[in-house]
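Each in structure tokens, the structures are laid out below.
Across the two complexes that follow, subunit A remains constant while its partner is subunit B and subsequently subunit C.
Let's turn to the complex of A and B:
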């Protein structure tokens, strides 16, 4: 579904990711793990079209999309749940969902909202409330719902569990498992290695912007090397 | 109650009512200037001082078109459309190239542009100002017991209608939703298929068109358009958007009306000491000393 070839990206003159090769296969969850500053979020935002590419290429469904802007990418089917949710906080829950479906046909909006509310009934109860006044868990549900409104085939999720209560994390991960069962391709950035390995199929660990471990989730669960790498400890191993 | 006392009370009530109406006339005009300014600030965090130049350009365009066609109904919308397009060009040529620079860079550019516009008006239209050959809306009408010029009523009705339309556009349409989302987070708005560039163009078009309408209104009030006419109303508008809470459209609207009313009452009670503009600035300085974050700042 998505392939990164020797991708180097960053901000201004600063490189956050160096020569990264990554493949997200159709219908699978690829977990991108690593400590703070490893380059996970930069990779996600680069795939979404928000971070400058210095070198390398991005392929989506075999088409080179390296030069595409964020709008073209979302229309092609790449959805984003950004780090920190980044909801439109002064807008209502409903309005956030409507915006999520902006790149799709107007007639699909009502159906899309119904599906999101079925997935997260709590959002239905908060429909006309300002997004900024929701709890952290509700905000994450809304961020996922907003991304799903664009009917993505590839969903990019940055820090799903960050700052959430355990119950909210359970709900969000249940939805992620459900989306995977429906065949959606997901790239999941997580600091909670244990949580990510519960749903992931493939794992890539980054440290200082480069890959330090790669393998299947089953291998990752048995690998102390991978645990060290995800904690940013490879230099000490 | 004695008849003399009752008559005095009635006269006072009528005076206050008249002052209130006068305040609303000026307040609603300040509102359409300040709302345009606050739209730009809300979206780009730029203090768009050159808005004053667009206000004056609106006055010139409205007067020239009205004088040559004899129709204000044609003159006002055409002036608004022309100035709206000029506003979009200002964004594209002046602000867009420096958006990633510190905010003071855009502020300096804006001040420079305003000064250049004033000088351009002086060169093209002359230093002494222009007047309507046959000023429209000057007939006197009676409204609720007080006498007003038709232009006074047109200002209140026109301003409130425009602000109502703007509110409808912002709250009830997809364009308005896209605009509000872009104000909140332009990067993420783009992730959902919103063209941030188009939203910014629209923002400048609407803000500048509102300034043009205000320029036409003030030219009708005084039957004069001059190169420096943008100065005082726009300095007031800058203070109003701070008073209303920067970027807060509803706060700006209320602050404009309050300022208009304070000015109107001030001219009666302290008009011997301070003129209308001085009263407005004194009021703004006092309020901002007490609440520097503005009356309606979002916390």
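Let's turn to the complex of A and C:
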């Protein structure tokens, strides 16, 4: 579904990711793990088209999309759940969802909202409430729902569990598992290695913008080397 | 209705078009503009020059809208690079730049003396009032349509959090430029109507005081609320007429009003009305 070839990206003159090769296969969840500052979010934001590419190429469904702008990527089927939710706090739940469906056929918006509300009934109860007044868990549900409004085939999720209570994390992960069962391809950036390994199929661990471990989730669960890498300990060994 | 009342009602109508235009830029899309009077002036001078050249009124009004809208897009491009306070200062600068150009350009624009003897629209005072009323109603209807359309949602997204709008791939530059184009075109229309109403325009009609006055109308009515802006505009246009003694202190009064509204009722009259309704509903529910 998505392939990064020797991708280097960053901000201004600073490189956050160096020569990264990554493949996200159709219908699978690829977990991108690593300590703070490893380059996980930069990679996700680069795939979404928000971070400058210095070198390398991005392929989506075999098409080179390196030069595409963020809107073209959303239209092509790449959805983003950004770190920190980034909701429109003064707008209602409904309005946030409508804005999420911008690239969708306008007649489909109501259907899209119905599907999101079926997935997260709590959002239906808070439909006309301001997004800024929702709990952290509800905000994360809304962020996922807003991304789903664009009907993505590839969903990029940045820090799914960050700052959420365990029950809310359970709900969000159940939805992620459900989306995977429906055939969606997901790239999941997560600080919580344990949580990510519960749903992931493939794992890539970054440290200082470079890959330090790669393998299947099953291998990752059994690898102490992977645990060290995800905690950013490999450079100290 | 006497001539005086007719004139007052016509000015209210023109100001509603002007304020609804600023509300599109500042209220809907969240882009602060302190130079709205410049676009009002561009419309007025465009229509005045064309009217004096013998062009028909409807064509002149369309040209006033087009000219102000085109300059509005150029000024809107600055909003792609600067935000909030800096955008406010930049748009204020545009206002002063417009005044500077108009004052210095004597041969074409009449300099300090402005343009006089502008021909009438040719429909009589009552006919002109009806025209202003119809155009004001159309501007309000257009504004309400925009607010409820996809463009309105995009404007709200940009106003709420521009960076987030970018992250979820709303085309922020395009919508900002659209807001400036539409809002300034309405200011141009108001300017065109004003030149036919006054039949004599001078640079000071379109100065910083006018920009602040329009901003006060929008803020007092309720930034983003179309109906609130109509009420705010009517009030702030009529109050100085009924209390002539404050006309020398107009800017002071408007400044105090702006400060008071921002401090105590940031959603303006529209917000206060909503609050009052909610309280009445709650009391009704409690009985």
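Couple of notes before you dig in:
Everything below uses one rule, namely that the second predicted complex is superposed on the first by the 237 of 237 C-alpha atoms of A that agree within 3 Å, B and C clash if a C-alpha of one lies under 4 Å from a C-alpha of the other, contacts with A are read in each partner's own complex, and residues count from 1 in each chain.
Just so we're on the same page, contacts are C-beta pairs under 8 Å (C-beta built on N, C-alpha and C of every residue); 3 or more make two chains touch, one makes a residue touch a chain.
Given the structure is predicted, the values throughout are model-derived calculations rather than measurements.
Partners subunit B and subunit C, brought together by superposition on subunit A, clash. In the overlay built on the shared chain, the residue A:90 is in contact with subunit B and with subunit C.
By the touch criterion defined above, A:168 lies against neither subunit B nor subunit C after alignment on the C-alpha atoms of chain A.
Contacts of A:217 after superposition: neither subunit B nor subunit C is touched. When the shared chain is aligned, subunit B and subunit C each come close enough to touch A:50. In the superposition on chain A, A:71 contacts both subunit B and subunit C. In the overlay built on the shared chain, the residue A:20 is in contact with neither subunit B nor subunit C.
Across the superposed pair, subunit B and subunit C both touch subunit A at residues 48-50, 70-71, 74, 80, 82, 86, 88-91, 95, 98-100, 102-103, 106, 146, 150.
On the side of subunit B, the complex with subunit A involves touching residues 174, 177-178, 180-181, 183-185, 187-195. The residues of subunit A lying in touch with subunit B in their complex are 48-50, 69-71, 74-75, 80, 82, 86, 88-91, 95, 98-100, 102-103, 106, 146, 150. Looking at the complex, you find that subunit A touches subunit C at residues 48-50, 70-71, 73-74, 80, 82, 86-91, 95, 98-100, 102-103, 106, 146-147, 150. The touching residues of subunit C, counted against subunit A in their complex, run 150, 153-154, 156-157, 160-161, 163-171.
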